[in-house]
Amino acid sequence: MAMVKSTLGDAAQKTTGEALQGALVDLLDLSLVGKQAHWNITGRHFKQVHEHLDEVVDLARQYADTVAERAVAIGVNPDGRVRTLADRTAIPQLDAGYITDDKVVAAITDVLAQIIQRFRERIEATEEADPVTQDLFIGLTAELEKQHWMFSVQH
Amino acid sequence: MAMVKSTLGDAAQKTTGEALQGALVDLLDLSLVGKQAHWNITGRHFKQVHEHLDEVVDLARQYADTVAERAVAIGVNPDGRVRTLADRTAIPQLDAGYITDDKVVAAITDVLAQIIQRFRERIEATEEADPVTQDLFIGLTAELEKQHWMFSVQH
Amino acid sequence: MAMVKSTLGDAAQKTTGEALQGALVDLLDLSLVGKQAHWNITGRHFKQVHEHLDEVVDLARQYADTVAERAVAIGVNPDGRVRTLADRTAIPQLDAGYITDDKVVAAITDVLAQIIQRFRERIEATEEADPVTQDLFIGLTAELEKQHWMFSVQH
Amino acid sequence: MAMVKSTLGDAAQKTTGEALQGALVDLLDLSLVGKQAHWNITGRHFKQVHEHLDEVVDLARQYADTVAERAVAIGVNPDGRVRTLADRTAIPQLDAGYITDDKVVAAITDVLAQIIQRFRERIEATEEADPVTQDLFIGLTAELEKQHWMFSVQH
Amino acid sequence: MAMVKSTLGDAAQKTTGEALQGALVDLLDLSLVGKQAHWNITGRHFKQVHEHLDEVVDLARQYADTVAERAVAIGVNPDGRVRTLADRTAIPQLDAGYITDDKVVAAITDVLAQIIQRFRERIEATEEADPVTQDLFIGLTAELEKQHWMFSVQH
Amino acid sequence: MAMVKSTLGDAAQKTTGEALQGALVDLLDLSLVGKQAHWNITGRHFKQVHEHLDEVVDLARQYADTVAERAVAIGVNPDGRVRTLADRTAIPQLDAGYITDDKVVAAITDVLAQIIQRFRERIEATEEADPVTQDLFIGLTAELEKQHWMFSVQH
Amino acid sequence: MAMVKSTLGDAAQKTTGEALQGALVDLLDLSLVGKQAHWNITGRHFKQVHEHLDEVVDLARQYADTVAERAVAIGVNPDGRVRTLADRTAIPQLDAGYITDDKVVAAITDVLAQIIQRFRERIEATEEADPVTQDLFIGLTAELEKQHWMFSVQH
Amino acid sequence: MAMVKSTLGDAAQKTTGEALQGALVDLLDLSLVGKQAHWNITGRHFKQVHEHLDEVVDLARQYADTVAERAVAIGVNPDGRVRTLADRTAIPQLDAGYITDDKVVAAITDVLAQIIQRFRERIEATEEADPVTQDLFIGLTAELEKQHWMFSVQH
Amino acid sequence: MAMVKSTLGDAAQKTTGEALQGALVDLLDLSLVGKQAHWNITGRHFKQVHEHLDEVVDLARQYADTVAERAVAIGVNPDGRVRTLADRTAIPQLDAGYITDDKVVAAITDVLAQIIQRFRERIEATEEADPVTQDLFIGLTAELEKQHWMFSVQH
Amino acid sequence: MAMVKSTLGDAAQKTTGEALQGALVDLLDLSLVGKQAHWNITGRHFKQVHEHLDEVVDLARQYADTVAERAVAIGVNPDGRVRTLADRTAIPQLDAGYITDDKVVAAITDVLAQIIQRFRERIEATEEADPVTQDLFIGLTAELEKQHWMFSVQH
Amino acid sequence: MAMVKSTLGDAAQKTTGEALQGALVDLLDLSLVGKQAHWNITGRHFKQVHEHLDEVVDLARQYADTVAERAVAIGVNPDGRVRTLADRTAIPQLDAGYITDDKVVAAITDVLAQIIQRFRERIEATEEADPVTQDLFIGLTAELEKQHWMFSVQH
Amino acid sequence: MAMVKSTLGDAAQKTTGEALQGALVDLLDLSLVGKQAHWNITGRHFKQVHEHLDEVVDLARQYADTVAERAVAIGVNPDGRVRTLADRTAIPQLDAGYITDDKVVAAITDVLAQIIQRFRERIEATEEADPVTQDLFIGLTAELEKQHWMFSVQH
């Protein structure tokens, strides 16, 4: 069967592949959490936060695609299936039903902070293993930290 | 707390809400399955199917948003959280790892056929309950059946 | 004189024509009320609501055109003159002068709820008379209920 | 050989398929009649009607594609070959050579009225058989009746 | 309550505010009259005039917004409610029902001429009171006189 | 009655007019054959050929319009009516029903080869009669031969 | 001083240069005549013809530029100065003041016919001298004859 | 015959009309002079000045249209015929043949300076007669003076 | 050295030049103040005001460019260097560090009010000296007063 | 193996194929020479010529593609491999390292003149063999001669 | 008060924050210096350099925004107030008044060289402290060095 | 003569310059190889691979420009002349004539793998010498590895 012959050694490939798979789970669940809040939010800042959440979702979807395609490009199969996401996600989940804008802002700030922490670790983990993947994580972290700032100051 | 005062009666709201929640699960998992195949597909028709899958994913994401916003518009909170999706999805899941283009085409054809079957039932279920939601399901089914045709004939 | 030969029978034409004329009055006055609020609103959510109102006005203007052209297409002359609007509108009117954002949100929520009620009746009224016009009302109601949700939760 | 497994029962498929095939013949010949007039029209309203006819042709071509793809999506092969069109079209044909703008307007008004009559019948015929196809016919009829109005009043 | 602190003195504000409120009534009713003719016009120049009227309506709507926002910018609340329009409009009203293209052209020519006359007075009235508002009126009058020319010569 | 005073002499007009009418029949039927294949094609290269056929259809429609308007510009009335097309087309017709991608590619290659042959003859025929029309045929032949190459090598 | 070293022999350059200079005068004056009519036209077809004239003016301006740049590209200086145009133009001039739409259509039809005649001569004159310039004239003549047809049939 | 009923008194109309006619001659000849230089310029700054001239020509053509349509809007027929332009233009003419970039820059600087001088007089002349036309001249003068600066400093 | 020969007399040039230089300082510092707030703002209206500020900055930057180019067009060198701005700005400065949305709105309202006051004076100062520059100030003041209104009512 | 069945006879195919292969070498090396100059140019006209060269490169790349696809369309395989280009190019090569703008302009003028000479020969060579290819060469020569003029006068 | 919780340790935050604040001062003053030259430049390369400077200004403004938002994203408040800029800028300032193109090119080359030197130091300083910020500086330095090259060779 | 004063030391400049020159040769020849295959490919996947190759060519051309401009920005002259490319390229060359889609996919997969290997070495080589250039190589490698994956799996 056709497969990609990786340009990385085995250890580097393994390290990098795990970092990418972890990133994929984070980003796909971020897109689901973002949409859940986008639909169920209430409060006087509804419109402002409702639209802001879609920027986060777009960011998460776009980078999830980049991350998964990076994985297969180094010969590692990404796994974005729903059961995998449910089992492995480390993102704190929202309650069902309406959720006020205050709670949304606090929750997203917290979710982003946790994800950024893991991306900082992935940047370190891939420094030796694959600077190409590391550069992707650095660019993505910059975007996540920008969103984190914008949610942090909405209090 | 702020909430939407539904224009539907209780029974109609319940019937319609369940149909919309079921549709949301179908569409969100379709988007995940479509991406999983998009990333892991191999074979000589790779490029053609790889890009075709993104059309399906875009369709699924766009209608998931429409369906969820329709739910909240009639006073029912949509639930698109990852655990909910994993527990309730009825879509047959792909195996992990590389998957040949032949298998992808067969799998997507099957997935679409099953989803369409459920949408046909939702069209009937909402005819009395809410013609506005029914019309949304009709338009969506037309798009799904068009995709189903295009995958069906790729043999 | 040139005129349109309707494809509907007399009774169907009459029923449908009245529903369309009623819809026209609702939509044109909604556009005027929306602009009145757009200009005179005050409060800390000014920018968010000011811009949101223009989405409602655009929706109302676009559908007013569609509704009026549908009327003439079935051989019924629409009447959108200012005196007709003033005499027949059932929309509760805003007070003159500045109006706070809270009051605007409450007023628009209420206006939309009332209009939706009438559109639900028009959907029923035209089911037998003209499914083409009914389909137009269904699509429009979906948009109005979406706006109604978005104003409802801004509390 | 690859083929589409229809989601409709045999009787519903037959009824819907015949309606779609009839619609296809109407729309493809409308596009040909519209172009014939577009090229051979004379008179002082030449530019206005010449360009208006292209709007009708675009509409006819776009819906012909939609109708034919809907047919194959329910497992019925559309037939848009020239011999089929010539044999089955029910549209009154234009004379060869120059044709004055008055005659063009009268002829197109008449052609549209006849086609609309058949689409009204197709809406009824597919109500039970396939609401998805019916909805497509309803949307198309709205467009045709709008064009019919615009040609009707040009006297 | 929040309000705008005007940069104009009281007398200048009053003069300018009245001119702007008068302009607002003219422009909003012009948009309604234009649409009424747009929908009900018949005759062999239907398409040409039907589309030309939409240019006038777009112009009227755009300047109505500019005029109303100018009013509130100088601390005067604009009033564009339907009752106000119906009571204060000085524009001669169209008859209900179909209206031939000849009559439409004559009526719009006349309406524009009357409105222009009032705008010329507003230009004079605001010269001392507020050159910023005057400049807005001058620019708008140029557009109205251009439209007036184009309708005037259609005989 | 209004008519175009040709800049060509009678013999040149006749020669050129016949070449243009022949080209019109070829191009309109090419657009119909292309769409018939576009809808009924099956096989693993479905998506690739399905979309490629629309490029051919667009090309045929665009040049049919150019050719017909060129005819009337030299004082010859083009005839693109369905009966004329059915009677005069020399293009080999497709069978009804599904058609595999292999057969589509072979059929379109053959259709294009035959049409090109006739266009080569039209280029010669109009060299003396009308270099303006000849230039149009030359440009069109270049496009057809490009398409012919692209279908020829798909084996 | 810098100058262009022509790729043509002296005789060919002279013949081609004269043809191009003649074309330049025709096209620049056509743009002026077109604008004069665009501004002063009256009558019930005002809007239709007013806008059509701008298409002719755009065509004339675009080709004037092409023709003049072609002249300098073969080493011949184009002369588009106002005195040159006034002295050498062979285009029949419009009367001052208002001009009815009927007269405009007749005049432009006549102007185009005369210009086309001269372009046909230029096509012959440059056949041996410079096929590159000839091809430019052929393309331009096609556009002029298309416009000529559209004005010719407006009676 | 149709004509525009001016909103200006006779004296004001005469004064304003003469100013507009003078402006029209200036602008149309500026567009011709600009193109003459655009085509025949040589020198090491060729590309920079060649393209800059087209900005001037676009400006001149756009304002010529505005000025002429303003004239007819106040009931005065603009005259942009080639003989009128040749007889009345006050713009110093370029020599035939190649012209170096230095000379072009100097010539255009001078042409613009002279035209601006006349526009300054037209601003004064129309201040009482028609502030609407005056405002048009003011806006145009700003653009001309901006171009004048940019040519002035190219030494 | 190259320089611009002003069309204004010495006194008029001096008056106008000083007004333009003052305007330049106001606008450039407004763009800096707007950005400072854009970056350091906090509070629940963060997103709304953060984006609104960028509209003000864009406005300020665009008009700063217009104002400076107007100065050089009348022969006066604009000075937008940082030391000049720091020494001459009359705009009240923001404190360093985070600044709440309430304070931002109040501060920008105040800043705009002060700038508008100076622009009103510049409109008067240039009325005699240069109506072209005055018109630029009038247009700019309209925009600033619109922004002032929008910040004023956000309380 | 799949191959294109040429519509040309053997001799015509050979003549045309050689002309196209020669043109391909010219155009591909022109694109390389243009880029080499684009990167290494110095001098005070750097920006102007640097950007102008990219226009030439774009032209060369676009026509190289057209020429190569024309070759394969007549059944002749184009050869654009680097060794072929190096061995067959007749274009005088630039020196390595910085190259002043004066030398660039002179070199490109010379390169274009030589290439045009060969294209003129190709126009003649293909007149009988294939008028479709000849027309492509004519259009391309017009573009090359336009560029040649623009570089020629930059002295 | 709301604030951003930095993901960096104190020392890393301090080092990175100082680098970003320094970069902000450099970029904002570069935008002011670029505009000052853009407005006051004279000489025969005016247009070329005038427009090139706006590319530099756009680059500086865009990166100033990125740099400042990066600062706040790591919990450090950026300071872009005019007094701060005036006091801390290390960029050599331009003289007031006209400045020839030669001097502009020399000055901008020098300014860029100095800024690049400082960015090289910031790249080193942030390597350990924050690779995300370092990556931003690397990308920006690439752009600045590209501009530096283009100004350097303009002699 | 003008030249760029590098910000790098001599050794770093030499190392970086050699890496960039090597990259330039790889990328320019990749663009030639890609086009050669684009033109001469045959087989049933023709259209899919034909279009995919143009994505690779666009990528190669865009990065070749970036790489060459980076070289000159650090004071090293890039050499992209055809003789240099032919002598130094390490890319395995395609055979002349038709080439099947299978062979194309295999050849491009191999070519990309070899180029990526060299870019990995360049990333290492420039890590100390110039992190700005290294970052460019990292970004480019990510794109090449993405393309490599997409060709690898097409079997």
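For reference, chains read A, B, C, D, E, F, G, H, I, J, K and L in written order, and residue numbers begin at 1 within each chain.
Here, a contact is a pair of C-beta atoms (placed from the backbone, for glycine too) under 8 Å apart; a residue touches a chain by one contact, two chains touch by 3 or more.
Protein identities per chain, from UniProt: A, B, C, D, E, F, G, H, I, J, K, L = DNA starvation/stationary phase protection protein.
Please read all numbers here as calculations on a predicted model, not as lab measurements.
> In terms of contact pairs by residue number, which of D-E, C-D or G-J shares over half with F-L?
D-E
> What is the distance, in whole Å, between the centres of chain A and chain H, each centre taken as the mean of its C-alpha atoms?
Chain centres of chain A and chain H, defined by C-alpha means, are spaced 59 Å apart.
> What's the distance between the Cα centroids of chain H and chain K, rounded to whole Å?
Each chain's C-alpha centroid was found; their separation is 42 Å.
> Which whole number of Å gives the spacing of the CA centres of chain C and chain H?
49
> Where the CA atoms of chain A average out and where those of chain L average out, how many Å apart are those spots?
32
> Do you know which chain I residues sit against two or more other chains?
1-3, 42-43, 45, 48, 69, 72, 98, 135, 153-155
> Dump the list of chain pairs that touch, please.
A-B, A-C, A-I, A-K, A-L, B-C, B-D, B-F, B-L, C-D, C-E, C-I, D-E, D-F, D-G, E-G, E-H, E-I, F-G, F-J, F-L, G-H, G-J, H-I, H-J, H-K, I-K, J-K, J-L, K-L
> Using the touch definition from the top, list the residues of chain D that touch chain G in their complex.
41-48, 50, 98
> For chain F, which residues are in contact with chain G within the complex?
Within the complex, chain F touches chain G at residues 2-5, 7, 69-70, 72-74, 131-132, 135-136.
> Using the touch rule from the top, collect the residues of chain I that touch chain E in their complex.
113, 116-117, 120, 123, 135, 138-139, 141-142, 145-146, 148-149, 152-155
> Chain F touches which residues of chain B in the complex?
Touch list, chain B to chain F: 45, 48-49, 52, 105, 150, 153-155.
> Any idea which chain G residues touch chain H in the complex?
1-3, 28-29, 32-33, 35-36, 39-40, 42-43, 61, 64-65, 68-69, 71-72, 77-83, 85-87, 89, 93-94, 96-98, 100
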